[in-house]
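Comments concern the structure below.
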Amino acid sequence: MNSFAAAQVPIAAYLILAAVLFSIGVAAFLIKRNLITVFMSIELMLNAVNLTFVAFSHMWHQVSGQIFVFFVMVVAAAEAAVGLAIIIAIFRTRQTLNVDQIDLMKS
Amino acid sequence: MNIDHNILTIITFLPLAGAVLLALLPDRGKMMQWGALAVTLLTFVATLHLPSHYDYSAAANLEGAGSFQFVQNHEWISSPAIRFHLGVDGLSMWLVVLTGFLAPLGVLISWNAISERKKLFYILFLLQQVAMLGIFVSLDLFLYYAFWELSLVPMTLLIATFGRTANRRRAAIKYFLYTFIPSAILLVGMLWIYSRTGTFQLPELTQLAAAHNISGNNAALWLASLAFLFAFAVKVPVFPLHGWLSDAIAEAPTAAVMVLAGKLGLYSILRFSFSIFPEQSRHIAPLMIALGAIGIVYGALIALVQKDLKQLAAYGTLGHVSVVVLGIFTFTIAGMDGGIYATLNEGIGGGALFMLLGILYERYGTYDMRDYGGLAAKLPWMVTLFVITTLSVVGLPMLNGFVGEFLVLTGSMQSTVHNHTGWTVLATTGVILTASYMLWMIQRVFYGDLNFNTADTPASDLDAREHIALWPLVAVMLAMGVASPLWMRAIDTAGSDLAQEPAQIQSTEQPALSTNTDMHLPIPAAQEATK
Amino acid sequence: MSPNILAILPELILTLTGILVMMAEPCLAPATSRKPLGWIAIAGTVAALASSWYQIQFGTIHAFSGTIQVDAFSVLFHFIIGAVVLVTLLGSLDYFQGHATHAGEYYALLCFGSVGMMLMTCSVELLMVFIGLEISSISTYIMCGFRKGQATGSESSIKYFLLGSFATAFFLYGVALAFGATGSTNIYAIAHGLQTTATPYLAFTALALILIGLGFKVSAAPFHVWTPDVYQGAPAPVVGLMSTAPKAAAFAVLLRITFTGFPIYQHRWSVLMWVLAALSMTIGNLGALQQRDVKRMLAYSSIAHAGYLLVAFTAFPFDGIAAACFYTATYAAMNVGAFAVITQISGYEERARTIDDYTGLGQKRPFLAALLGFFLLSLIGIPFTGGFFGKFYVFTAAIHGGNIWLAVIGLLNSGIACFYYLRLLAAVYTKPGTEASARLNQLRPISVSAAVGLALAAVATLALGILPNGAVSFAEFASHSTLIEQGRQQCAASPDNCHLQLNFDDR
Amino acid sequence: MPSEYLWLIPLLPFAGFLINGTVGRKLPRTLVTAIALIATAIPAILVAWLWITMKAAGAPDAIELVSQPWIAITGLQIDFAFTVDHLTLLMLGVVTGVGFLIHLYSAGYMAHEEGYWRFFAYLNLFMFFMSILVLSSSFLLLFVGWEGVGLASYLLVGFYFKKDSAANAGKKAFIVNRIGDFGFLLAMFLIVQHFGSLEFGHVFNAINVNPEWHGGVLTAIALLLVLGATGKSAQIPLYVWLPDAMEGPTPVSALIHAATMVTAGIYMVARCHVLFDRSPYALTVIAAIGAATAIFAACIGMVQHDIKRVLAYSTVSQLGYMFLACGVGAYTAGIFHLLTHAFFKALLFLAAGSVIHALSGEQDMRKMGGLRKRIPVTFWTMTMGVFAIAGIPPFAGFFSKDEILYQAFASPNPLGKLVWLIGLITAGMTSFYMFRLWFKTFFGPEHFDEHAPIETHGAPVHAHSGTHAVMEAEHDSGQAAHTHGVHESPWIMLFPLVILAILSVVGGWVGVPASMGGHNEIEHFLEPVFANPNAVEAATTTASHGLELGLATVSVLVVAIGFLFAFVFYYKKPGTAAALARRAPALYNLVQNKFYIDEVYSAVIISPLLMFSRLFLGGLIDGGLVNGSAAAAGATTRGLGSLVRRVQSGNIRSYAGWLALGAAAVLLVMIFGRSIWLH
Amino acid sequence: MQLALFIIFGVLAVAGALNLLLQRHPINSALSLVVVMMSLAVLYWSLGAEFLAAAQVIVYSGAIMVFFVFVIMLLNAGEEERTTGSRAAYLVGFPGAAAIFCLLSFVFLSERRALGTTNIGGYLNHLTSNISEISTVLFTKLLLPFEVTSVLILVAILGAVVLARKEQ
């Protein structure tokens, strides 16, 4: 038990977890039809990146990684504001949130 | 300040100044025409400064490519090392004059033919002048290339905008792509050379080439030389690369057609391919001679079965430029001189022919030969000039065409290329075929009875303007046919340089042209002697 | 003046201008013209340009604890961005006239966006780059949807936004991995860390992900897919801006990261750049071939131009940076010029969309047509225009670096490119045949401000083609300055084994 | 005469050409005539002066005059240089003398033509080039004249350009001549290649000082020159243009297509005899061509109905004689025949022209007859010509023809006897068809319609008639002059006839052989030219006079037989010939249609060539390969473009998919990509 | 402890992410994302980033996700339809995503030794707190980004106002 409690997790494990989340985010971006959900999958990807930052920050004993994450959060918030505003604008003109129907311009 | 030191700049950029001037003037009445005429005449007068102040004796004494005169050499861009380097020698001088000479005639011939959007037309026309003059006087590869590419644009626009049929845009784009893509490859070749040598200056490159110092990489050198040759050959056009020619000629307005084919590409081969790749050019000569000879016959044969006057003239043009190709790749003095001379002839004879066709078109609105007939009685002056032009094109002695053609074929016979006799014979059949299609055309257009089209269309003979446009050409045809040394003096200095083996320890005797004291007959013996 | 203030002087001015515009906006009556706001923004931009000029005399300025570094390179890109914004502003003054009530926000956004872009170019800290990138991106996302009520506008906006954020995630991931590989997000520190890093593969991956993110921003193939749609839907002046200024900024970052941050892996990333360049040029040009929509066509064209620019990355550092700087400048000049003309012609109502709509422009508006023709010729790369010399310079660098075949591919591509540019040009100069071009009759006479903007772009394009000496020297100076700074930082980081020769002239 | 005046001989006609050609349309006819006549008369006088100068004691054999260079490049220079030796002098005499007479005649004959000024301009142009041709001292300058006379011929044959047949004939003449020129040019190229010069003196000296040169290149050059000569002198296989050239006005036929231009080939061969002497093979070819042409043309001439065509074929045949003479090495005889032929053939044509003039344009002999009384001067002068050409002693033709036959017989050439036989038979045939012409035109019943309106002159017969336009023109402008039916020509036309008739009688006396008690002046006159230092003194001097006389007797007999046949067929029993023709219709049709040579040429050479050009070159190569490859490249590019566009589906998720794939690819390249390309 | 936290919350995060992927109603997806974020907050804490853990909960889960949910409610977004707008997303995108994952994992695994391991409680000595160090760095070394972020937020506000505002 003690050994389990003291067992150390390799950084690589965090990184792979992040990679898993990132990839799920990419997959979700590809799969989801609702604009808002698609946007959420981006947030998921950003979170994966944040995890990576924190893991490395831990590894390098540097806070700059954490600060980076902090900035990412701020940016994510800003993006969310803008992105959701755009989505609202889209919904106003098109009355839909379906990604597959947002394809007026092509080829 | 001595005008000799900046005359070339003046010549080159006078039309540009004119274009700017025209852009500012209102397009009212005949303002554009007169303006363009004034500018082109002024340019022509300026170009005449060159032959009148050319130092023939110096040109003859100097060896190699250093014999440029009226040189201007200023730094332009420091990195990459590009200089504003201009100069002419015997090769380019008359081409400059010719370009200047044809320009006012082009304006005159477009006087009424271009009735809409005159401003655009004349601006483009003058820009085309700038590009052509620039090509001929540039001694810096970059500068040259800039003018070379620039020459595409006005021409393309002229075709696209002032083309004859609905096909014009296609023809324009075809022309552009056909010449632009090879030019792109040419640029790669130039840049490669620059990366090897660090210079764009032609005289320096010539020296380096003569000393085999451009690159040790033989394969790359070959590729570069092919890039050069390919780009130029398309522009000429050499036989299988002429796909753009007939369409472009069929569409382009007369003033543009006059300068469309021939001299730019041919000059470039002479100036750049031969100087920078002397060995490669000589190695590829058999192929080019073959293509030249085939092109002569091919062009003439296809011209023989055309029904459209411009198409006929287009394929005729192919035949005529092929004569030059044949001549310059023989690397004999006669071939080289004749080739250069024939280049001038092509400009004059072809120019006159296209002008005359344009005049016909103005009157009868068609280029279809079947719609013509019996015009000789209605348009006596027209037929006179047409026949003279035809005779010049056909190569009748005492007119300019003959001198070039004769020298080219003589040179071809003298050359030491494998099978040269066969190619010469093939090329010489061109004299029959050319006469055939030209006379056939004359007959279809001018002789016989009037047909429905020519009878019903009221048309008058040449007016004063057209006379003024055409007679200088006829005069030059005669003069160049009778007094060729006037031109040949300068040309020969360049031609004999080019024909020489580059900086080799070489027996100075030209076996074929030596006096009869050491003649060897029959042929096998003579050939052994040359080996 | 404190170096901190000095270093961000242009950005500061622009920020203040933006705020001023925002504050002035409510003061204007709702129905009145928003032009005064535009003039404020223009004044601010000019001041920013002037201040950037002022910066140059101080040499390389380090400020904010090494977060930003204002050297010749940064100043060059400041100029490019500032000039583009200026031309865009001048062209936009009439654009919103009588159509939108949010023109004020537009000017403010332009100012703020350019702050982000300028910061990107002068920062050597990836965090700063990221923030700058986000500022510029978000402001462009917004501006894309500025023609409100238009389905295409908001579609363009959402596409750009979603895909842009998607790509940003990749970029961030790359930064994270770079941080992981070297323990720092400062470019010089990264460069230093890479020399001793225990995890080279992490570094490769980091660089790859960063390249993906930035590749998206510069719309290099295969990350170009968003470009045509977004450009087509966005308002013309915004396209003019976003196809040049953010791209220039992204290229500046790319140059810094590759040549300054990852120089020791050049053999790896130059291969990647080779492929990206070839792909971008080819796909861009092929895609444009049959486009009827002018903006969409120019979108493909901008993909191709990104490809030409990427060619510079395969050259030797000095040549490469200089060539890229120069090409960015020329590209910015001619592309923003082309879009400025299109802005004038199509207007807020998008009068002219397809090539057919441009038929007969040459007769109706000869000067606009001539300018458009000139910019198109420059985009083709016709001599005596900036486009030609830029291309020439880039390919010279590439061939000097031994990439002859890439040059061949590139120049052949420029041949294909002629086809579609010429089609537009031919349409402009053919006689009007159809009623499709009748809409051109509604064209308003072009205002003085727009004319000034157009003239600015045209003069720049021409000057870069005819007398490029100054610009080339500047580009080389910029290249020089980055490399010198790189060398200095390396020496500072490890003084023991500092054998660097700082003489980069000796190529 | 100072040699500088030599320039005037060509230049005066050229000046005449320029004046009449440019402003002639606006000048009154008399002035045009005056200019043209003066421009030819003065050279004729100059030639006479020259003749005197050169015959003066101690005069050099040749006068040379070099002016400025024409073509000058390193290693090759061609000057405007003239050389006058005795051969040239003789030719000049013929050219200027006959030329002047024909100018004179034309002033009357063409008086009512629309393009009067044009006609005289062309005629002067011809004189200019012909003078250049004979004066030139280099191959190239000779070629100038050679081409130039071809041009003049083209212009004059096509004088009635409104008529398709005339325009066609002119074009045909030029193009067929071009085929000959092709050979001439190639010969010159070979000469430059091997001699480095084109001057006669230079080339011939080189040959003379190297007696060991035989055959080889010399044969090649010689044969190519022969090709040139066959074109210009209308020999097999290139004779086809000459009969068609009768579409031109009659004075043109007389001057160009009988007296002067067509003999240029003979002149050239004679001029280059040094070269030909070294190539027995080429000489044999010449002899064979000459003989074949002589008999072949005579055959066709026997059945033609158009008076000018008969004369045309006769010309071809006579030129064959001259060729034959050159081929057996009897250049003097050839030139002698050239001289006499110039007189009598010019006379015959002019007289024929007078006949045609009298009949307001009728050329078909079947519509003539009994004209003896109506136009007596024409009749008598023409009779002189007929006798001369038929070879009745002592008319001019007798001596020259006999000289040729004798030389052929005496020639060491193995073909000599055969050639002689052919020549003999041809002489008989000549006699036959000439007297046929004589009888049909001047004797028997009158077949012409006195006041027939022009239009009713049976169109089928006139399909090839060259006078339609003349008549039209005359009808328009000269109605008054022709209202009185058949009439004798004005004196301005008759005067040249008389002069030429006299010359046709006495012209041959300059070459009366020793065997007949003469001095053979012409042989001595031309001796400096044809003297062959290396040749073995030929059998000519040693041959017995008896043989010569015997041969002469034989030929006179043959001529008499020919006359008899003609007399029987066309005077005594006019139906006989037609009856004979009906007996062998196939043969008759074959000959009547000129052995279908034109048709064969058309079917074997021209049509296939045109088909080849149109279908293979124009269609397959140009349309398919040259343009097709460009089109294919374009289509490929567009196809790839469509592929790129297909990626652009407009769907965000698709785009993200592509981005993901691209990201994966970039990662892959970055992680696993080896530095393959760089460094 | 470290391992346990990692396993539990790692699995939870992945499960949440997968749930986001699989849920068809946006609200459900949003709530799944909240789960992921919360799990990550724990992981941050386990890696010694207490400040971030708090910020994650407050900013991300608290603010941003609420915003999302708000918009979902506002727009009344229902279950998403399974439209088939894109084949490329499946044919190209999934292999791409999978390849990205594989490549990243490959890299991490091959570098795992160099990367080392974690130890709970953070890395800093206990003289200064994590937060104070962060603030020190943030307000000295990274002052400019911090300041410039204000511009970013300004832009965002501006954009949101412009885009979401109804035209008069």
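Each chain gets a letter, A, B, C, D and E, in the order it is written, and its residues are counted from 1.
The definition used in the following text is that contacts are C-beta pairs under 8 Å (C-beta built on N, C-alpha and C of every residue); 3 or more make two chains touch, one makes a residue touch a chain.
Bear in mind that the values here come from a model prediction, so they are computed numbers and not experimental data.
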Report summary line: Taking mean C-alpha coords per chain and comparing to the overall C-alpha mean, nearest is chain B
Query raised in the report: Is the C-beta contact count larger for A-D or for A-E?
Result: A-E
Query raised in the report: For chain D, which other chain has the most distant CA centre?
Result: E
Report task. Calculate how many whole Å lie between the centre of chain C and the centre of chain E, each centre taken as the average of the chain's C-alpha atoms. Result -> 30
Report summary line: Between the Cα centroids of chain B and chain E the separation in whole angstrom comes to 70
Report summary line: The distance between the C-alpha centres of chain A and chain C, rounded to whole Å, is 27
Query raised in the report: Taking each chain's centre as the mean position of its Cα atoms, how many Å separate chain B from chain C?
Result: 43
Requested in this report: Identify all positions of chain C at which a residue touches two or more other chains, and write them in rising order.
Outcome: 127, 131, 134, 138, 141-142, 145, 148-149, 157-159, 162, 166, 180, 201, 204-205, 228-229, 416, 419
Report summary line: Residues in chain E with touches to at least two other chains are numbered 85-86, 89-90, 93-94, 96-97, 100, 103-104, 107-108, 111, 115, 141-142, 145, 149, 152, 155-156, 159, 161-163
**Report entry** Where chain A touches two or more other chains, by residue
**Finding:** 15, 22, 25-26, 29-31, 38-39, 55, 57, 59, 64, 67, 71, 75, 78-79, 82, 86-87, 89, 99-100, 102-106
Report task. Go through the chains and record each pair that touches. Result -> A-C, A-D, A-E, B-C, B-D, C-D, C-E, D-E
Requested in this report: In the complex, go through chain D and note every residue touching chain A.
Outcome: 645-646, 648-653, 656-657, 660
**Report entry** chain A residues touching chain E - in the complex, by the definition given at the top
**Finding:** 4-17, 19-28, 30-34, 36-37, 39-41, 43-44, 47, 50-51, 54-55, 57-59, 61, 63-64, 66-67, 69-71, 73-82, 84-89, 91-92, 97-101, 103
Query raised in the report: In their shared complex, at which residues does chain D touch chain B?
Result: 21, 25, 68-76, 140, 143-144, 147-148, 151, 154-155, 158, 161-164, 166-168, 171, 174-175, 178-179, 181-182, 185-186, 188-190, 192-197, 202, 205-206, 210, 213, 215-218, 609-610, 612-614, 617-618, 621-622, 625-627, 629-630
Requested in this report: Mind listing the chain D positions that touch chain C in their complex?
Outcome: 637-638, 640-645, 647-648, 650, 652, 654-656, 658-659, 661-663, 665-667, 669-671, 673, 675-679
Query raised in the report: Where on chain C does chain A make contact in their complex?
Result: 127, 130-131, 134, 138, 141-142, 145, 148-152, 154-159, 161-162, 165-166, 169, 172-173, 175-177, 179-180, 183-185, 228-229, 232-233, 296
